[in-house]
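Have a look at these structures, which come just after this line.
Presented sequentially are two complexes of chain A, the first with chain B as partner and the second with chain C.
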Partner chain A sequence: MFELLGIPPQALFGQLLLGLINGSFYALLSLGLAVIFGLLNIINFSHGAQYMMGAFVAWMGLTWLGIPYWGALVIVPLVVGTTGVVIERLMISKLYHLDHLYGLLLTFGLALIIQGLFRNGFGVSGLPYSIPSQLSGGTNLGFMFLPNYRAWVVVASLIVCFGTWFAIERTRLGAYLRAATENPTLVGAFGINVPRMITLTYGFGVALAAFAGVLAAPIYSVNPNMGADLIIVVFAVVVIGGMGSILGAILTGFGLGIVEGLTKVFYPEASSVAIFVIMAIVLLFKPAGLFGRTA
Partner chain B sequence: MSVTTETTYSSAADAMPIGTPRHHIIIFAGLLVLLLIAPFVLYPVFIMKILCFALFASALNLLLGFGGLLSFGHAAFFGSASYVTAHAAKVWGLTPEVAILLGTIAAAFLGLVIGALAIRRQGIYFAMVTLAFAQMVFFFALQSPFTGGEDGIQAVPRGDLFGVIPLSNDMTLYFVVLAIVFGGLLAIYRIIHSPFGQVLKAIRDNEPRSISLGYKVNRYKLAVFVMSATLAGMAGSTKALVFQLASLTDVYWTMSGEVVLMTLLGGMGTIFGPFVGAAVIVTMQNYFASFGAWVTILQGTIFVVSVLLFREGIIGVLSRWLKKPL
Partner chain C sequence: MADAARKLDTSSSALAVRDLQAWYDESHILHGINFDVAPGEVVTLLGRNGAGKTTTLRAIMGLIAKRAGAVQFEGRELIALPARTIARLGIAFCPEERGIFSALSVDENLMLPPVIKPGGLSRDDVLTMFPNLRERLSSQGTKLSGGEQQMLAIARILRTGAKFLLLDEPTEGLAPVIVQQIGRTLATLKNQGFTIVLVEQNFHFAASVADRHYVVEQGRVIDMIPNTEIQTNLGKLHAYLGV
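Right after this comes the complex of A and B.
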């Protein structure tokens, strides 16, 4: 086998895969943030907490009700998405006439409450969630060993990201959504129930976070803090990509995951700050973000 | 989505005249008298903690309440100043006033770098950018050798002020801290009521109009960001000496959230609000410390309730009732 700059290919591909998996989560989460921001104009700070909720609800379903992984993949986003709908109706909907900052502050408070409740109930040590039997083991690709579950995470994330993009950019419902983003009053005048659309959009964004949480449950240990630091990295991803475009959010998410993985190979000390450094550079040269529209 | 947005800065505070109203002088004087008596009644370290956070929250309020810029990364300045001061006092053996000065300068410099980048984005992005940079500072503190990683820098010597007055006594230290914090609060008051402060408020309320009036908006934003970072650093440096500790808690995002909460609860854009907010939150943390995660839940709840029902904050409401800017 070849060697690249003295790095054995196993290490290189291993980190690339890891980067791709992190990228899958960045993409799913920043996509949810972008969808919510597009219509509601708020940054959903509780996104990380809702991702954590997804993992926990999957764990509860398996442990208490015996709902298997595949069931959880469908049910958990629905359950957590419903809590999102309730939150939007009871709280966020009261803030639309105010400065966007209040939405950020409110969802930050909600994130603290959710995290605190789960920390109270389950401690911080983390709970195990086993990989479903169909996806255990791995495949030898010749140049590296590919664990099946990790391959599935990347594929599932790609499918959901593409599906969301398709639904928003290529369907009639998506067209309403994009129209409401541009001019909610006018869309309302055409007889479309905009407030309900806003509520469901928030629920959908939250469901995406929960879906990512279920995907993450078998890889990372399920613990109350799993979303807290992740969401800050996702914020940086969103700043780099700009929230103007759905496809932009997806591409930036995957791309930055891979860049981060490569940093781990070539300069491991910098891997945790790589994305923030890229953010600084993007702010210097393209302040609106790679795919953003200038506000 | 083009909706008209409004931010609830205390409206009474906006009508503030440029001169110093008499009731402000009375409140400052009353506060000073209260704080001079307080250590003889209450535990001095507890009040010093309130004082440090009052300065920290007031520094954030200068940026948020008067500049209209929400920084979600102020822990970066508070924490890094705290580390620099602790390192200077412990490893280099410098006197406390020099250590505090170095910490404050470090925070100012960091504020200049982060601020210059962050002001390139507005509104909600500004908050995310500052948060992300603060997380970068956190990772730096976690990994670099001089911060002591998870342990932080412990047993920082308080030293002798100017090399002559020992600060190991809580009472002596208290009056030094009081002087620093009160000086900081007066400086913020002066900044707010200067012509510079008036331009800031104009930018906060209508940025395009300020630009069209010929103000170099970005310079003002950067200037107030650096001032705010400097004062937050001063608070962090002082805190490092009071608790003889600089740790990762000081640079973590929860700290940034706490100081935003103090400002919001006390009243954004008021003069005395952050002080009151800091006192309430620190007292709460003190009494609920044994309840673990309930403190987090309670803080989250205060956030939610403040945003939904109580956007003017304690002092904001008081100010409206009394029809006087506070």
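Right after this comes the complex of A and C.
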């Protein structure tokens, strides 16, 4: 077997895959944050909690109603996205005339409440969610063993990320969204219902988080803190990519996942801080982020 | 203006504005604007900088949160309606800053305003009217020259089917040849039955396209001059506008 810089290839590719998986979640979550921030100008601090809700609602669906994984992939984002719509209508929409910090505080408070409720209801030990039978097992690629479900996570994330990018950058509806991000007043003066668009955009961003939560359920144990652990890193990813940039969020998400994976191979001691070190460096040289637009 | 004019029968007007007041935060900008626009007319609002012309258009369009008075469009009261509803009734607005979206291509900018009623110009009609745009359709909207951006800003609202246009200083900062082209466009639109309210600083341009002129000063309409009587009123106009 060949070796690279004294690293066995199994370890290298294993960590690369792990990096890609983490990157899949970073990309999905930072994409949702970027879409929401672009139109609402709000940093959605409850994004991690909404990701966790996605995993829990999938678990509830399977355990209580017998809804299988594949059904959950469709239904859960709709259900959790609807809670997002309600939250935007009842609470966030009351804050648009105030400083953006109020939106951040509101969503941060909501995150604590949601996590607290789930901790009370389900404890912190975590609930199991099994891999769907079609994706159990794995494939031997010769140089490494590839678990099928993990490959699916990467593919599903890529499809959803690309689909979202396409919808925003290449369709009529996306043109409305980009225009409203730039000048909501004028878009309203053309007869477009901007408040409804904002509501649906928030719902969509939340649905993306919930979709990531369903994907995560079979990999990580379903527990109330799963979002809080992940979201800190995702915020760093968003800062590095640049607030509000769709493509930036996707590319940085996958890229940083891989960088983190490689750090685990070459200098494991730094793996948990690698992303934050990159964030500090990017902030020093490009305060608006790698793909961010300077206002 | 006489009190009789305030109660004037508005049924024959496309737009009737009565005692329109508007505020930005605490500052009171419009102090009672009164004017009428008949169907098919081109009417200008003339006045010095800061007189309240732009604010008048924005208040009609529902873009100023604090406003009072009456704005009747084809018999419907607009004063309490949001901008999107006003747009859906058939009023199209072209802002002074043109409002070309940098995140959209020229084509996307052109196709952005939704069609609100039948009878608007087709995409092809519009591109025939503004041939420069046809070659730049895939460019980023804000990469166009100032004149092209102005044409795009007018072009995109002609597709919507709205026949009542509010144009805020369409000639501002443009080369004379472009100003002439916009003048010809407005004449064509008038022939096609569009009704136009035009805010202008360029008095000569205004005189070349409009049927009547309203003079705005300190948030009030202080005079109305038909374009046919403009020669006999030049001295008065120069005094109003300080030109």
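Just so we're on the same page, the second predicted complex is superposed on the first by the 293 of 295 C-alpha atoms of A that agree within 3 Å, B and C clash if a C-alpha of one lies under 4 Å from a C-alpha of the other, contacts with A are read in each partner's own complex, and residues count from 1 in each chain.
Convention: a contact is a pair of C-beta atoms (placed from the backbone, for glycine too) under 8 Å apart; a residue touches a chain by one contact, two chains touch by 3 or more.
Treat the numbers as computed from the prediction; the structure is a model and nothing was measured.
*Asks:* Using the superposition described at the top, determine whether chain B or chain C touches more residues of chain A.
*Replies:* The partner with more contacted residues on chain A is B.
*Asks:* State whether A:G191 touches chain B only (first), chain C only (second), both chains, or neither.
*Replies:* second
*Asks:* With the two complexes superposed on chain A, say which partner A:A236 touches: chain B (first), chain C (second), both, or neither.
*Replies:* In the superposition, A:A236 contacts chain B only.
*Asks:* I'd like to know which partner A:A179 touches here: chain B for first, chain C for second, both or neither.
*Replies:* second
*Asks:* In the superposed arrangement, does A:G116 touch chain B (first), chain C (second), both or neither?
*Replies:* Touch status of A:G116: first partner only.
*Asks:* Taking the superposition on A as described, I'd like to know which of chain B and chain C A:F276 touches: first, second, both or neither.
*Replies:* first
*Asks:* Quick check on the output: what are the common chain A residues between the chain B footprint and the chain C footprint?
*Replies:* Shared contact residues on chain A (touching chain B in one complex, chain C in the other): 181-183.
*Asks:* Sort out for me which residues of chain A touch chain B in the complex.
*Replies:* Answer in residue numbers: 37, 39, 41-43, 91, 94-102, 104-106, 108-117, 119-120, 180-184, 228-229, 232-233, 235-236, 238-239, 269, 272-273, 276-277, 279-280, 283-284, 287, 295.
*Asks:* Taking the complex as given, what residues does chain C use to touch chain A?
*Replies:* Where chain C meets chain A, its residues are 61-63, 82-88, 92-93, 95, 99, 101-104, 108, 111-114, 116, 157, 160.
*Asks:* Which of the residues in chain B come into contact with chain A in the complex?
*Replies:* So the residues of chain B in touch with chain A come to 1-8, 70, 72, 117-118, 120-125, 127-129, 131-133, 135-136, 139-140, 143, 253, 257, 260, 264, 292-297, 299-304, 306-308, 311.
*Asks:* Please give the residue numbers of chain A that touch chain C in the complex, ascending.
*Replies:* Touch list, chain A to chain C: 172, 175-176, 178-179, 181-183, 185-194.
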